[in-house]
Every structure is written in structure tokens, then in C-alpha cells.
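First chain written, first letter: the chains are A, B, C, D and E, and each begins at residue 1.
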Amino acid sequence: MSDAVKSMEDKLKKGERVERFHLDLDSLGPGEKRHLQELMSAHGPGQGKIMLLPIDQGLEHGPSDFFVNPPAADLEFQLSLALEAGFSGVACHIGLAERHFRKYAGRVPLVLKLNGKTNIAPEDRPFSPLDASVEEAVRLGADAVGYTLYVGSPQEAEDIAQFTRVRQEARRLGMPVIMWAYPRGPHVEARGGGRDSLAMVDYAARLANELGATLCKVNLPRPPRGGSYDAQGPFQDYNALAGLSETDALRLVVRSAGRTGVLVSGGSRLDDQELLDKARLCLEAGVDGLIFGRNIWQRKYEDALRLSREIRAMMQKTG
Amino acid sequence: MSDAVKSMEDKLKKGERVERFHLDLDSLGPGEKRHLQELMSAHGPGQGKIMLLPIDQGLEHGPSDFFVNPPAADLEFQLSLALEAGFSGVACHIGLAERHFRKYAGRVPLVLKLNGKTNIAPEDRPFSPLDASVEEAVRLGADAVGYTLYVGSPQEAEDIAQFTRVRQEARRLGMPVIMWAYPRGPHVEARGGGRDSLAMVDYAARLANELGATLCKVNLPRPPRGGSYDAQGPFQDYNALAGLSETDALRLVVRSAGRTGVLVSGGSRLDDQELLDKARLCLEAGVDGLIFGRNIWQRKYEDALRLSREIRAMMQKTG
Amino acid sequence: MSDAVKSMEDKLKKGERVERFHLDLDSLGPGEKRHLQELMSAHGPGQGKIMLLPIDQGLEHGPSDFFVNPPAADLEFQLSLALEAGFSGVACHIGLAERHFRKYAGRVPLVLKLNGKTNIAPEDRPFSPLDASVEEAVRLGADAVGYTLYVGSPQEAEDIAQFTRVRQEARRLGMPVIMWAYPRGPHVEARGGGRDSLAMVDYAARLANELGATLCKVNLPRPPRGGSYDAQGPFQDYNALAGLSETDALRLVVRSAGRTGVLVSGGSRLDDQELLDKARLCLEAGVDGLIFGRNIWQRKYEDALRLSREIRAMMQKTG
Amino acid sequence: MSDAVKSMEDKLKKGERVERFHLDLDSLGPGEKRHLQELMSAHGPGQGKIMLLPIDQGLEHGPSDFFVNPPAADLEFQLSLALEAGFSGVACHIGLAERHFRKYAGRVPLVLKLNGKTNIAPEDRPFSPLDASVEEAVRLGADAVGYTLYVGSPQEAEDIAQFTRVRQEARRLGMPVIMWAYPRGPHVEARGGGRDSLAMVDYAARLANELGATLCKVNLPRPPRGGSYDAQGPFQDYNALAGLSETDALRLVVRSAGRTGVLVSGGSRLDDQELLDKARLCLEAGVDGLIFGRNIWQRKYEDALRLSREIRAMMQKTG
Amino acid sequence: MSDAVKSMEDKLKKGERVERFHLDLDSLGPGEKRHLQELMSAHGPGQGKIMLLPIDQGLEHGPSDFFVNPPAADLEFQLSLALEAGFSGVACHIGLAERHFRKYAGRVPLVLKLNGKTNIAPEDRPFSPLDASVEEAVRLGADAVGYTLYVGSPQEAEDIAQFTRVRQEARRLGMPVIMWAYPRGPHVEARGGGRDSLAMVDYAARLANELGATLCKVNLPRPPRGGSYDAQGPFQDYNALAGLSETDALRLVVRSAGRTGVLVSGGSRLDDQELLDKARLCLEAGVDGLIFGRNIWQRKYEDALRLSREIRAMMQKTG
């Protein structure tokens, strides 16, 4: 088998794309397709690319994420930025959506995040309970719902079951589902090389694909070094990919997502050039969109606006 | 990031309010708004301020809370006090509400507390099960429901899920939801600086905001001292706020609650002057109301009446 | 606070009743009131007093409870005794009720016990699952349902939730709910002074009151001795009540039950005089009824009949 | 109390039956009675006696139970035997019933076993999940359903709750319920004297009675020896019954089952004479039927047929 | 009993089949039968034999299963192969089925796999949650559903309960159910001789039979060596079968499956001759079909096509 891996590795190292995988609109129902077109054409950079502004960190990390730029604690900051910079939409929880979206209805698409948790407990059994329903998303005029699934968590079974109920409700109501596909928990650290390791991010993308997410949100994968994975363990084959570039690692992930679209997270804060480089890398790897949060709204409004426009322009060129 | 924190800290220390956050009635449905006006205008101090009298301690702490003032064990004490002193309403459980409220219907608004527990078990997995439904609150003529959510508890996921079912039912029936937003449990102590630490109370307020509580009830936060939080932990940024005044700490919390209104608990018993000082501090910090229980009804009826009227007058001046 | 406790203690020691609490029929719905009148007037001693004969010990303790008086294993024993001695009703589980009550329908009221368990497992997580529904009680012509709630159990949350579903169904169908309010489990022993300690029985009565039980069944509380409770623990205030008489301790419990009526259990077997003394003590403390089981049916039929009639006469005098 | 126990012990030792307990058809609904008459009169030995052939051991023990007589792995073996030997019916799970019963419909009554499990896991938390419903039993033309309840298991609460849902559904559809009343698990061993100890089997019979089983299936109880039970434990009173004969021990159990009928299991394999002796003992003790499985179908067809006819004849004489 | 085992062992060693067991179409409902005929006659090798191509390994093992043959990550590979080589159908999860099957509808039958999990967590409590429903299978035009049940897992009870809900829904909608009957977890290793041991695979087949699976998928069992099983344990009788051939071991399993059809898994990769030998062995043992996945699609398209045709031809000869 190592020969075959080597051959794929060779192709990937040479930047040659083995197959073309991407979001396939024609496999979707009419409602789901119509909503996606709001995100892919009517708003955002267009060209089928999606540029989302997520603002769920107040729940996931706590309010100290806003210390660096206090005005960002009020959703008005993100909504007016999304409107002015031309984002595809804003992703947030029901509490914020209900209070702020009326004013922006029809102008900034809403991705209603349906589950979440605090980070007070250590991550030994990560699981995010539902705090809203797909029907509530429909009532609020949302164009997609978001769901965090902790791949590999000791509570993975409950999570897949809960996701499935959301996916079924979303199909019934013609609503796209974006899976925040996050490897997490002690087994991911002990056996999987860590939450951002290529094996884990790659697995998360395939899971989103097999489970029927319309789009998935993943972190940029960290390419393996020699011996990153236990030579007897289930992910040993990734050791043979040591030396892969970041772009090729992400290409592998896009490929594993199949007909499920891929959005890449921004993660914690980078400087301007690093962020633009990251965006370029993602687009070169063939992703369907970017979902940068703290890297945008932890900047002052003008800086955030300027940088968002640069990224949008880059997406329009790649589209 | 420490510069940015310092700048916010500077503004807060100077008493300058970065943004104005408050309960936003226009984002609510008509039923929810109508009920809130009972609490904010038709009863209580008016001026949009809410002054609630909670009497759920018999369940939460046991009957010894009444030893200091035995007549308070009978809800008649609180109801006639609320009527005479002009409270916005009384918060209690279904057992008491069903037996006592008929006589006060239309004269003292009811906040039906929907979940609770005893304190016999140690608080290693705090969670309060439902003991009544939103429909029962409607049947009893209540103007709001109360729900205790133990933020950071090992059972936080079950708690968010249960709260969400209550919130959805409340939205369906036009009923405001007051979240008793209480950080609690071993992780809150080990990682969060304790149940009343600023980081925890601040997080609780943001959670109430993200999850769509109409109002939240929080404890007065304890400002950080240097090194209150683990320098590698998720709440390290609060260390930079060491030296913050109690008022500014509460301002931060009000801000994190966003468009969710904030009520402050009274806690265990203070003397008259301390209680009035606490009320003043809360009002200066911009809260939407006070919910003092034991500090009122653990006093003799005449003392409780006099003190309640002083607080009410203070709220009318600040409104 | 210790002064206030001392004052209440003084009043209680002098036998002075601080307030008058009792079952309040006017706060009940018409169905619930009608059923209670079967137990309080149409059958039993009358005068608003309830005298129940419970026979669920075969499930709770096993059949060896009948060794001392083998005929009592057949419900015919209890039913003919209840009819002849003039009890308010018989409390038992569905299996017995379905087979035996047809013959006594309209002559001996039925209290259908809805949950139970064996005592084979040690009591580390006490919880009694439902074995029948309120609807089945209605179908069998019952005049009340019984529910055991283990106050302070590690499964208290599941128990309150299950009780609440029963209470809601009972309200919907106009059926009184009698809560067997039993402090139980390791926390009750470690922190609460034991299952029959005053602090625990007092708490159980208040919980029945807050949760909306129509009546509660409690054990006779054991008054505190000095240092019965941990001086730092949640029940320290009960230490100040050391030296309270048994009657006054029970008065305190009746008071904590508020508008929820109080029935006292018989417990394990006493001799005739002890039992009559216990009954007298309970009536002096103002309880609404007695629910003596083993102390009645572990006696030969004639002895049980004679003793029951003596207790009934005593209740008629006190009513 | 020891005098009373002694008196009962004396009576039992003398073979004198204290009371007459048995299945009471007149307390049943018309559907339930009609189905029982199929088992008690229309098929089997008649005289109100039930003779069932259970074949659920392939699930409970695995296929090696058939090694000794391979043809018995096919339900045809049991069905033609039941028809030819005149059994009251065959008890099996849905998978076998659906494939084989069409051919025997109306000729061999079906008892559909509704729950089961493998024996791969050790029995530390025994619990059998449902694998079919009462409605499916109705659809298949069954005359009773079977349910295994592990009395005293750490999962006893879930088991009672699940049984109750089955019993309620069975009542609604007029279907008799046979409880496999099996003491099982670590507490049964540690405190109860073991799964076949008299105290445990006696308790199981009473539980079936209290919970409303139509019939119960129990193992032959093992009479106590001196000190079988902890002198401080809940079952100490059984020590006084040391020396009881097997027949009298079973009489005690029949008595505890009250109006719930009693069927006795065959257990692991005995030789012909032992089996006939066991059957005789059971009938003398007053049971309502026998449910011998492996002792029948682990024999060659001819042997099984002959032995079944001998037992049937014995039942007809005792009926 | 050892004589009887010896006699069966003798017969099995001589290749003599004790009884004839197989899938019995006449015991099925019309819908279930119609769907099976798609798999057994209209497609695949015919002759009542089923040849399925499973592609759920991306979820169960992760995307590295495709490293050896990257094009196989896209379901187009399997679908065009299934069409060209004449498979009975393709088994996959909802995400893949929804995106790819429209093009092949009516040409390649779909077996919708309804549950799954990742292999990131160690297998201490294996359980696969549902990710789709039987109704969704109907909507997608599937001809069967697949369900993985981990026999012997500490979560076996939840698994049987979940399977039962699927089976009931499938019966209601006339859909065949294929059980991936997999012994798994710590008890299987500690007491059962390991996941592929004869005792475990044999037990899994019987469980599928008792629980009403239409077909089951099992691994090829590993015949016992002397002392494979604990001489005191529940599977000791299998020790007497030491020396059994692989074919006879599988015959035993087919026999335990009774009227439930048996499909054999391919497992991890074999060379061409080994795979053909395995197929032949299975057919000789009387299985109803083969379900080889990685052994097919981990080969290059042409190799996979050639080998699939060889296996199909072999099945047609044996049918």
C-alpha cells in the first residue's frame, strides 16, 4: 500500500489534483439551492464563493474575546460591517439573531447557529446541546443553519444522533446545513495527532460528507511530520504524507469532503499579511469559502472593513 | 492584545461607558412586551425598572431560611408586602403560586419559577429539573417565567437543552423568560475563579444574551485581583482588570448581557445601609432591576416594608 | 440570626404556634376537592382528618413483612379491615388494586401508589420508577394517587421531573397527589443528619409544599441534639433547636408544609400504647392524618380492628 | 416477631396451606381472559394448567445450547413437538415467530417474548431491552407476551419503567403479560442469598403480583440454611425458615404471587426421573403451570415427546 | 453433552449438513419480498445470490482507506463499477446516497446504511447512532437498509432497542433490514474469544435470526483451537469444535442464522487468489451472498472489474 500512497503523495506534492470535488448544487432540493444562492451569488463575493462572518465566540469562549475591540460585543458591529464589506452572511445564535436581524432582514443573510456551549468545563466530553431549532431559523428568515459536531468525542454518538435530527428537519424545510466539523476531545489528542492534525481534519471532512452536511467548516489542517501518528494506530497511513505542503494538505481535505462544500475557519488572531496569505492558500486549495471571525472583528472597524474588502476581492478573482 | 484590554480598562476605570446596552422592548413579540410592561410600568417602581421579590429559598436552601423571621414562611407575608411596598412582582414555585395567588390576581404580578432543587447534595453536578411548565404559568396568569441555568456545570449541556425547550415554549406563548444565570460547580471553582468572580458572572450574562433570555438574574461580580485567573487558562484576560471597582465590574456584565435585561440578586443578608449601598451601586451600573429576597423578607414586616420603599424610591429617581 | 432562631425556639418550646398552616381546600380545583372529601368526610374519621391504610410494603420490603401475620399478604385482609374499622382508604399498587378493588368499589376509597422499588439494592441512588399512571388511577376509581420522592437523593433531579409529570397529569384529571416525601441516600446521611432528622423531614415537607403536592406523608422527625448538624454545613441552624420536644418538632414540619396537608407514617412496629401515644402526639401537632401500615396489619385481625377503632375515635375527638 | 414466623414455619412444615392463592380469571378484562383460556383450556393439559415450551435460549445463551441436539435450532422442532405433545404454547422472540408461526397459526398458541439480551457481558447491570411490541404480538396472533424483569438489578428502575409501558399496552390490547421474574445482579448475590435463594424468588413473585403481571415465571427456590442471610440485612427473617422443604418453599412463593399465576422454569438439564420429580413437586406446591425448555428440546424428538406427554398427563391429574 | 457435541462435530467435519437453513422469502411481506428480488434476481448474479459493494469505510475508518486507490473516494467509482460488473447493489450512508444515486436510480440498487461512527475513540463501548431513517431510505428508492449492531458491547441494550425501532419502521414500510452483526467490545475479547471467534460470530448470527433481521452480514469465523474459550465460561462448548475447517465453521454460522440470510464480509485486503478462495469457501458453506468492499475498490478500476466478474460468475455457478 505504501507505493500507492507514495503515488498520491507525489501527485499532491506536484500540485496535480487527482479528482475534482466540489459542492454540487444539482444534488440539492429547490429550497436548499435557493438559500445557497443567497450566500453564493446574491450576497458576498459571488462566483459561487461564500464569505461568512461568525460571531458565536461570546458563547464559546466568553466575553473576553471582545476585550481587544469592545464595540464588537454588540452585533451591530458585525452586521454593519457585513453589509458594508459585502459578506455572504453572519452566523450567530438565536439570542443575538432575534434582537438584531430585523433591521438587516433582506440585506445581510443569517446563518443561525443551532448549538453551542461554554468553555468553562475542560474538554473531556465535548458536546454542544441545541439552543434553537431549524423551524426557528425559518421563522427568522435564515439562509442556513450551523451545527457543531465534535468528531471523535466520547459523546460522538449523541452528537451524530442530534445532528441527524437537525439535518432531517433541515431537509424537510429546504434549509442548508453547515457542519462545524471539529475533531475534539481526549481520543483526538491521544490517537489522532491533535485537533488540527491532517488525519483528524481529513476525517472530519469525510464525516460531514457521509452524514449529508451541505457545507462544512474546518480548521486549516497541520501536515504530518514523520511519526506524527502511532505506527500501529488507525491513522498510521498519514505518516507517509510527511512533508506535504499546507495547501496540498487542505486539498486532501477538500477532496474528502466530496460534494460537501468546504469553508475554512480563521482561528485565533493573525496579522494582516498572514491572514491574506491564509485566505490565498485556502482559495488555491479549492475551498468553497472562508469563515473568519476573530481575525475580522477583533480589529477596529476601519481595519476590519479594509481587510474584508481585500479578502473579498481575492475571492472574486479566484471564483 | 494587552494594549486593547488596557484601553478598555482605562475607559472603564474612568467610569466612561463604552457603549450603551439595555433591554430592547422593540425586539420582542407583542405578548412578551405586554407582560414586561406589567413588571416595568403597571407595577413596581416604574421608569422601566423592575423590582422583584423572590421566594424560592424554601426549596433551594430549606425552611431554615425562615428561622430568623418565621412569618415569612407563609407566602401571605411576601404577597402583602409586595402589594403594600409596590414591588413589580413575586417569584415563586408552582406549589405556592397555586395556593396563594388567586387572592392577589391582578394586583401582584407572578413570576413562576419553573425549576429548582434542594441543597442536600453537594454541588458537584448542579442541575435543576423542571417542576412546572410555561403553560401552567399562562394558566396562573403569570407575567414571566424563571429558569435557573448552572453555567459551567458538568451538566451544562442538559441544562441548555432544557432551557431551550422552556424558551421555545415561552416564545410560542408570548411569555418573558428570566434566566437565573448562575455559574456553579467544580469547573467554575477550579478554572473560573469561583461562582461570583467577574469572569464567571460576565460569561453568564453573555450566555443569557446568546441564548435569548429576556432578562437575566446575576450576582454582583467580584472584581479580579492580580492573578485571580490561571495565566494559561481561558480566563487569563480578566487578570488585566485587577483593581476594577465593583460598579465598573457590574457595568462590564451589563454590557455582556447586551439586549438582555439584567437583574441583580441580593444574596445573603446585609444590614440596611449595606443593602441600600448595593442597590445604588447596581443602579449606577445601569441594571434593569433588583431581585432581593432574603434581604427583604428575613426582616420583620415593618422593617421590610420601610426598606423596600426606600429602594423603590431610589429606583424611581434613577429610572 | 441566632437571636431570631432563639425567639422561634422559645415560642416553639412554650408550645405556642407561630402561625396556623393547614390543607386549604379552597385553593384546589373542583375534582381534587371532591376526591378529598371522600377521604376526609364520606369515609374515615371525618372532621377533615384522614386515616389511611398503606399496603405497599410487599414491594418496598419484600414478603417477609407478612411473616408475622401471614393472612395480611392477601389484600382482602386490609380491605375488610378498612371497611369494618372505617378507614379513609387503602393505598396500594396497581397489581393489587386491579385484582381486589372491584368488590369494594364505592365502599373503600383507593389511593393508587404510582411508583415503587425493591430494597435489594443498597440505597446509594434511591429512585422509584412509575409502575402505573394517573389515568389508570382514574379508570380504577381512585380518590388520590401516591408518589414517593426521595428528597436529597443523587437522583433527586430525575425524581422531581418524574413527580412533576405526575402532578401535571393529576391536575389535568382533578386527582389529589400524596407525596411520600422521604429524605434518603448518602447525602442525607452525610450532611443532613439522617433520614428522620428534623432538618431533613422539615425540608421534605417544604419541598412537597413548593412542588404542589396536595398532601405529603412524612416520618415523625427526630429532634436535634447539640451538634447534630455540621456547624459549617447548610443545616447548622437546626443545632439551635436542640432540646425541642417531638411534638414541637412535628409542629415545625406541619408549618413547613404550608397549605399542603401532612400525614404521618407509622414506621416499624410499636406496641399498642406506643402507637396510641404516637397518634396522639401527631394530632396534637396539627397533622391532617395518619397513615399507619405495618403497625396495623402486622397485628391479628381482631387486634388490628380494635386498635384502628381506638385511633379513629381519637381522631374524631381532635378533628 | 420470631414467634409469628415460627408459627407460619410450623404450618408450612406440616404442609398445611395457610391461605389459598391463585390466578383469578374474574379480575381480568375479557380479552385477557379469552387469551388465557387458549392457554389453559383450548390447548395444553387443560384443567386450568399451563404447559409452555420456551425457546429463547439461542438469544439468552447463544447457539451452543443446541449442540446437544442440533435439530432443535430450527423452530420447526419445537412447533411440531408442541403440536404433537399438546403443549399450551411456545414462547419465542419475534424473529422466529415471524418466520415459523404462519404454518401453526390456530394450532399452537404463541407467547411472544418481548425483551432479551446476550450473555456475553458479565451480569453486573442486567437489563433486557425490548425487541418487539405488544402490537406486534397482536398482529402475529399471540395469546400472551413475555417480559424478563431483573429484580434487584442496578437497572431495576429502568426495568420496572419499561415493564410498565408493556403492561399498559397489554392492558389496552387485552393481552396477558407473563413476567420472567428473575432476581439477578451483584446485589442479589451480595445481600439476597443468590438468584435462586428463597428470599429472592419470593420477592420476585410478590413484585410480579404488585406490578400487575398476569402470570410470572420463577425458578424453583432454594430453601434457606441457617445463616443464609445476613443477620442485620433486609432478608434476615428468612433464616428462621431454615429446613423448609422444597415444596413448602415453593408454596410460600405461590402465596406471595397472590392472584398472579405462577409458572416454574425447568433450568439446566436433568435426567428423566429428576424432571418428573420436579414437575410433581411444583404441582403439589400449587403452581399454575410449567415452562420447561432445555429439559425438553435438548432431548431427541422421540424422548422429548414421550417425556412431555408424561408431564402433561401428570398435570391433568393434578388440575 | 460432550457426546452429542462430538456427534455434531463429526457430521460437520465430514461435511455433512445437519439441516438446511436459508433465507425464506415466503415468510416475508410483499414489499420486503419485492425489494429482495431486486437484489436477488433483477440485479447481481441472480440465482438468489446477493453481491453487494459496501462503501461506508470513509466513515468507519476514515479517508485513509482510499489512499491506496484515490479515485475510490468518489462514489462514482463504486457506482459505475457496480453497474458494469453487475453487482446486486451498493451500500452507503445518506450523504453519499443523496448526492450520487439520482444518476443510477433504477440501475444500481441502493442499500442505505442507517448508522455509523468514526474509529477515533477506542472500542470500549461501541455503539453506532442513527444518521438516517427508514423513511429516508424509501424516499431515496432504496431496496434495503443496513444497521450495525455491536453484539456483546456494554451498550448492547441501547443497540438492540435502536435496532428494534428500525426493524419496526422497516416492517411498516416493507423494507428489508440487513444487520451488520458484529461482536465487539471488551467482553467479546475477554470472554468470547475475540470478534471473529466462532463462538462470537455464531452468536451474532443467531441474534440476527432471533431479532428478525432479513439478512445479516458477518465476518468469516475463526475456528476454535483447544482451549480458545474459558473452560468455566459461557462458551466452553466451542472448545470441543477445535479443528473444525473454516468452511464447516461458517456452515455452523449459516445454520445459526436460520431463516435469516447470511452475507459474508471481505475484511481487509487479500490478494486475488486469496479473495477468490474466500468467495468459494463462503459459497460452499451455503451463504446467501458476499459483501466485499475494500477488497474490490482498493484495486484499480480494471482490476476491480475483472475480479468482480470472476466472483459473480462463481456465484452464478453455485446459485
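To be clear about the criterion, contacts are C-beta pairs under 8 Å (C-beta built on N, C-alpha and C of every residue); 3 or more make two chains touch, one makes a residue touch a chain.
Please read all numbers here as calculations on a predicted model, not as lab measurements.
Minimum number of contact steps separating chain A from chain C: 2.
Two copies of one sequence, chain A and chain E, touch each other mainly through non-matching residues, since under half of the numbers at the interface are common to both.
Between the Cα centres of chain C and chain E there is a gap of 58 Å.
For the pair chain C and chain D, the distance between C-alpha centroids works out to 36 Å. Touching two or more other chains at once is no residue of chain C. Taken as a graph of touching chains, this assembly is arranged as a ring, one closed cycle with exactly two partners per chain. Residues 1, 4-5, 8, 18-19, 21, 24, 27, 151-154, 156-158, 160-161, 163-164, 168, 183, 187-188, 191-192, 199-200, 202-203, 205-213, 234-235, 237-238, 240, 252, 255-256, 258-260 of chain A are the ones that touch chain E when the two sit in their complex. Residues 56, 58-59, 61-64, 67-71, 73-75, 92-96, 98-100, 102, 116-122, 127-133, 136, 269 of chain D are the ones that touch chain E when the two sit in their complex.
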